[in-house]
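Across the two complexes that follow, subunit A remains constant while its partner is subunit B and subsequently subunit C.
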Partner chain A sequence: MNVIEKMSSTEKLVSEFQRVKSSLKGFLSLREKAISEFERVGIPNRKNEEWKYSDASALFKSEFNVEGLKLKVGKHDIDKFLVPNLNASVVVLVNGIYSEELSSLENIPKGVVISSFAQALAEKPEIVATHFSKYADTTNDAFVALNTAFASDGVFISVPDNTIVKNPIHIINIISVGLPLVKGDKEGFLIQPRFLFIIGNNSELKIVESFDASSSQAKNVCNSVAEISIGEKSKVQYYKLQNDCTGVHLISSVNAHQQKESHFDTNTITLNGDWVRNNLNIVPDAEHCETHLNGLFITCGNQHVDNHTLLDHRKPNCESNQLYKGILDEKSIGIFNGKIFVRRDAQKTNAYQSSKNILLSDDATINTKPQLEIYADDVKCSHGSTTGQLNEDAMFYLRSRGLSENSARNLLLFAFAGDVIEEIQIEPLKIYLAELVNQRLKK
Partner chain B sequence: MLSIKNLHAGIEGKEILNGINLQIKAGEVHAIMGPNGSGKSTLSSVLAGRKEYNVTEGEVRFNGKDLLEMSPEDRAREGLFLAFQYPVEIPGVSTINFLKTAINELRAYKKLPPMEAKYFLKLMKEKQALVELTTSLANRSVNEGFSGGEKKRNEVFQMAMLEPTLAILDETDSGLDIDALKIVANGVNKLRSKDRSFIVITHYQRLLEYIVPDFVHVLFNGKIVKSGGKELALELEAKGYDWVKKEIAAA
Partner chain C sequence: MAEKKDILEEVTSSDYKYGFTSDIKMDTAPKGLSEDIVRFISKKKNEPEWMLDFRLKAYRHWLQLEEPHYWAHLQYPKINYQDIIYYAAPKQKKELASLDEVDPELLKTFEKLGISLEEQKRLSGVQSTIAVDAVIDSVSVKTTFKEVLAEKGIIFCSFSEAVQEHPELVKKYMGSVVPYTDNYFSALNSAVFTDGSFCYIPKGVRCPMELSTYFRINTAGTGQFERTLIVADEGAYVSYLEGCTAPQRDENQLHAAVVEIVTHKNAEVKYSTVQNWYPGDKNGKGGIYNFVTKRGICLEENSKISWTQVETGSAITWKYPSVILKGDNSVGEFYSVAVTNNHQQADTGTKMIHLGKNTRSTIVSKGISAGFSNNSYRGLVRVAKGAKNARNFSQCDSLLMGDKCGAHTFPYIEIKDKTAVVEHEATTSKIGEDQIFYCNQRGIDNEKAIGLIVNGYCKEVLNQLPMEFAVEAQKLLAVSLEGSVG
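Our next item is the complex of A and B:
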């Protein structure tokens, strides 16, 4: 039964590719290879170990429009998605399509390119060819393969050597059907933005990515893939905020490749949404790299949030830290799967991972699976995972001072989440997120 | 102010309090002494509303209201305060944020507007001085990494901030050296007034040298078996609890 379903939805997408491929801009052989890998692997169901708790095949029962719907969004519609005092360059994608009109770039240093991925494909094919599909693996990940085959728009950023991009780049994903569906026979949209960020040596870049899909419908799927190449001694921060994404199923794959002495810090915050799967694949591929992966998810109702991280330490003297925290209420489901490889050459690696969770209801579920695979003999690695309830003694202490049960609970949960919020290095973003988390906990 | 009648209570089916009777009027300080396991901490837990304890019989009225019917927060809002024997460490929750929330919820209960931030900070400073707490201490997470003495001072500081009408000090002297004991007792004495009553629970007479009670009660096997003035504490210190136990056995 499952096999037939998998075959059929996979096959449908393959035939869609054959139908639209002539309109895709370049890289045809790469796309052909990706779609054949997609066909071979197929849309994963629970039988696939990496998707054991997140049955993606269930999302692909309906038929999709693969060409993004162009939608009119007014400039003032963007205002409510902005982070106060962030002073960011704003890049807006509407249903995966870069909107020149809605985007506004601030203080872009000389030599920095921020454009649509479509434009980069057309105008900078050589640079794209050097990095496109080099860090995101199409051979084992069906969704990376699918995105790669269709990739036609998204965001392209290139930062030359010795350049600090001071203002953060805020990428806003607006996913909306907004209108009655145009094509009656297809129920949802498959939106597949592609991000390619190339950072030279000794440079800095900060990215904030957020979503708005609140006016959409849950049959849409957004399958995004980001590739980030980080040059020597460069520092990149990447914040992903999944707040208003109730109208879409999100599948995201962020793939970072680090060169010597580089820093990559990423923070994934999921507050509202329906079905979310985040894959983070990071390769510190040279000595003295530093990597910080933090995550926070607060779920209720029937929310499903799955975070998979993979850190592949290949070279000596690197350090990585991971802290993921979950607060789960009602019937929601959370998954944390963190894999760390320490290869034979990666001596003197320091790798730490921690997953901490609070279950607020008997019906909420957390599946947490830390995995360490170490092939070097002189390393410091640890991982830990805890799952518990709210501390009853602390609750009583607070209530005995006059705090209502709700205030006491919110204070304790906010403190629990605070460790992750504290890791945010952009002050206005930290303040904004602290407030969002506070509001979310009061819900 | 507080009226306890024939209070029976226990935990997990085991009865610990076997009919406590106690009347406390405004402005009085009552010391409750007794050997280990006599039910002293159970009494404070029941009064503060710890849900693990079950009341099987009797009643407790606080300013005429049924105390046992109230949630822990409503007891606090009505003016009850428990200084914990073991104050809980709460990482990530700042003392300032916690106390601001507490004070404003107490005020909301009394239909008062939230306290002005400026006045709140002034009040903090003033009350910290009462127990010689430094500013940096109050900026830290609630009790996190505090020494035993700091924790107890923090309890008295919170009491001073919340201005209860009835404060229960549950073995506030345990784990304190003599200097800390004096600071804590001094803080408590400054809070004594004709409208505020105290229940001081302790093993030892030592604390009562500094916080001089109006009445001393001896708790044994879940019952108050002897009551008297402050001299009863001295007598207990001299003769030990065995003296009381023998008296009971004889009776």
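Our next item is the complex of A and C:
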């Protein structure tokens, strides 16, 4: 394990890449291209329009290990992260490394492959080659480039044509440092899991991804990149739950590519986490696609939650819908930056985007930037953004019926958040999340 | 009815009717920018020491800055600042006794533009008169109705005159809203600005007529850098109009202006612009680069600043008229119609900065893009900590004509107070085929139908314009969109 003396600069990471590149499994020219892009773009600071409200360069001031720490986590430690009654296949990553022994796959239909990304790199290079780094743009996104350069482990899922994977697949990310590190208190880990999901035609897949970094104490950064290829008429649901990520700075990028008549639904719920940045880059690249992006963030303390979405409509007759809600308390900062991009050919696009926020404290900040960039004329695109407080009349109504101020407030906030929870299509997960949100609001 | 007929006739006629050049004898500075040029301008204008200091400070600051290219949705080559003439003034005798001594060619120019420099009441049933400050290239050539205004204590004159005669006011307010450090173009302007208008409305005076500045770029290779400063003292009111045109040339000319507005307690300023700089030809050749910093501050309570703009010209527009709502209960408004056609690019919007308590702002922006143009709304609404009960409503609509153009909305909303209520909504659509069909059915052809629908679409904003301007603006909209259909 090599501790880099100063990770504050982009160069350090580049030199680290040169050091470890021989141990990375294949795709060297692709990785080298990615690292040179990373070097060119650099770790973004506030001058970068996409990072205006989130200074990523501040996260990279401490020192990092680029290789994950191999930790022993017991099977019973996993139990507390499971969602009751979900009946999911569980895939566990410990510090970005796929754990065979902790993962348990159930009811996997024939032909479906669920494995570590490392295994896929080694055993299925041709399949990986057709999709790896094809949907996640390394040219403008420094963190995607960085992940692509180092990507060595994560999760690989391949679903053949005409296959419905009934049970959801629950990916649990455990970020854990365990013992105090080798020296100093500056060290942290740069953990970079890579996800590649390939879904054939006429198939269905549901993914639930959750985080646990409660036993992590250092200023670790988790930079995850997911690439999802969705075949014709297929349906993919992707739920991201960021509940216990206080010990890690999270940068996540989900890149989905949709074929004809496919559906992609995603729901990002952020409840606890110091510093979270979620990028969603969705490309409905054929006609009659449908895309739903939903998000909810409830923050307090000094939390910083940044949600970025980009919907790149390239082909005609597609539909997309975005709903993001934020509840911000204490000194927390919330950001929603959504962009609907409609290209010249994408006539008859129907795109809607809505961002609604409630501020509970005078020290909280919400920055929203809902954007439309439109080059086709026969489209229906609109967005709305509101920021306000709880309705006084509604509060009064509840108080007049004997509810305490707190419970009236929680009830109203829960109703506000409920719109996003309602969009979840897996019943046990919906119940679980509703409970989590309820608990969170009581805090 | 006759009025309407005119509009329709104009729709079918020429494209840019202000594209002529006038042959006025000019006094110009050599090309290029250096400290010497800054000193030269200052000397030409016989400025006091403090003014030169201000310019030099700004120039030195500007040298350290980089042309901002990274955030605006605009594409243009780097501007060569050494290829611009920074000072061009019509040759004339030092002091003008009367209008007769003004170069007749110059008078003709303004007549052609429909601006009368003679102090006679306009006919055509329009009751109010307008006081005009006419600026050609670098200098103000004539300010009308000065004496009438002076009776009420209103100061309305060229900026250079204000520097000479009212240095205490200029010193107090210049740079207080837009400091030279604000941005690249405001720094450039602060270093080389040549003229502009200055207006001061004293306590409790309601300006009896509309004040107006008319800007004209004439000389080839020049840039225009003017500076306007409007101060409304306690309880004062003024409505201010700004118009601008430039000749048709193949080269790009730079216009970088600064406008500052200050309102004291209970004062109100209404600022209306019809921007019609030469937009370049059908292939995107030539046209004005318009980089303007406009900002007002509601310094004390219950004051109000309202911006209304109709943007039809310029190859590139980069303009964000803003209001800083510092005084409690102050109000900021922004109404805008931006039309782009052919290869024009516009990145325009507003900033509403809420600092005081119970401040309100309204933003209504209507964008229309046609041809190969790109039209972006970029607006900021910021509610600072402690700005209790701030209220904002923003509405941005975009209309696309044809599938080669782009319409974009980039709102920035930054809220740091829990009592704030901020709403933003935006839509993008095209003119409904059913609407056009309805017009066709009644014998209105496509082009006229579009003119009609667009005017209806912009009504909310056009209603805010003073009457004379509103008529002008409607005509302008029709002309700008000519040839964009079918």
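Keep in mind that, in the parts below, the second predicted complex is superposed on the first by the 429 of 443 C-alpha atoms of A that agree within 3 Å, B and C clash if a C-alpha of one lies under 4 Å from a C-alpha of the other, contacts with A are read in each partner's own complex, and residues count from 1 in each chain.
The rule we apply is simple: a residue touches a chain if its C-beta (ideal position, glycine included) is under 8 Å from a C-beta of that chain, and two chains touch if they have at least 3 such contacts.
The structure presented is a predicted model; accordingly, all values stated were derived computationally and were not measured.
Peer 1: Now for A:396: first (subunit B), second (subunit C), both, or neither, which partner does it touch?
Peer 2: In the superposition, A:396 touches subunit B alone.
Peer 1: Under the stated touch criterion, which partner chain does A:411 make contact with: subunit B (first), subunit C (second), both, or neither?
Peer 2: A:411 contacts subunit B only, not subunit C.
Peer 1: First (subunit B), second (subunit C), both or neither: which does A:419 touch?
Peer 2: In the superposition, A:419 touches subunit B alone.
Peer 1: According to the stated criteria, A:28 is in contact with first (subunit B), second (subunit C), both, or neither; which is it?
Peer 2: In the superposition, A:28 contacts neither subunit B nor subunit C.
Peer 1: Which partner does A:374 reach: the first (subunit B), the second (subunit C), both, or neither?
Peer 2: The answer is second: A:374 touches subunit C but not subunit B.
Peer 1: Is the number of subunit A residues in contact higher for subunit B or for subunit C?
Peer 2: Comparing subunit B with subunit C, the partner touching more subunit A residues is C.
Peer 1: Is A:385 touching the first partner subunit B, the second partner subunit C, both, or neither of them?
Peer 2: second
Peer 1: Once chain A of both complexes is superposed, is A:360 in touch with subunit B (first), subunit C (second), both, or neither?
Peer 2: A:360 sits against subunit C, while subunit B stays out of touch.
Peer 1: How about subunit B: which of its residues touch subunit A in the complex?
Peer 2: Per the stated touch rule, the residues are 48-51, 71-73, 75-77, 81-82, 84, 87-88, 90-93, 97-99, 101-103, 105-106, 109, 141-142, 158, 162.
Peer 1: Could you pull out which subunit C residues touch subunit A in their complex?
Peer 2: 70-71, 73, 385-386, 398, 400-430
Peer 1: If we count contacts the way the header does, which residues on subunit A are in touch with subunit B in the complex?
Peer 2: 391, 393-394, 396-405, 407-408, 411-412, 414-416, 418-419
Peer 1: What residues of subunit A sit close enough to touch subunit C in their complex?
Peer 2: 47-49, 344, 347, 357, 359-389
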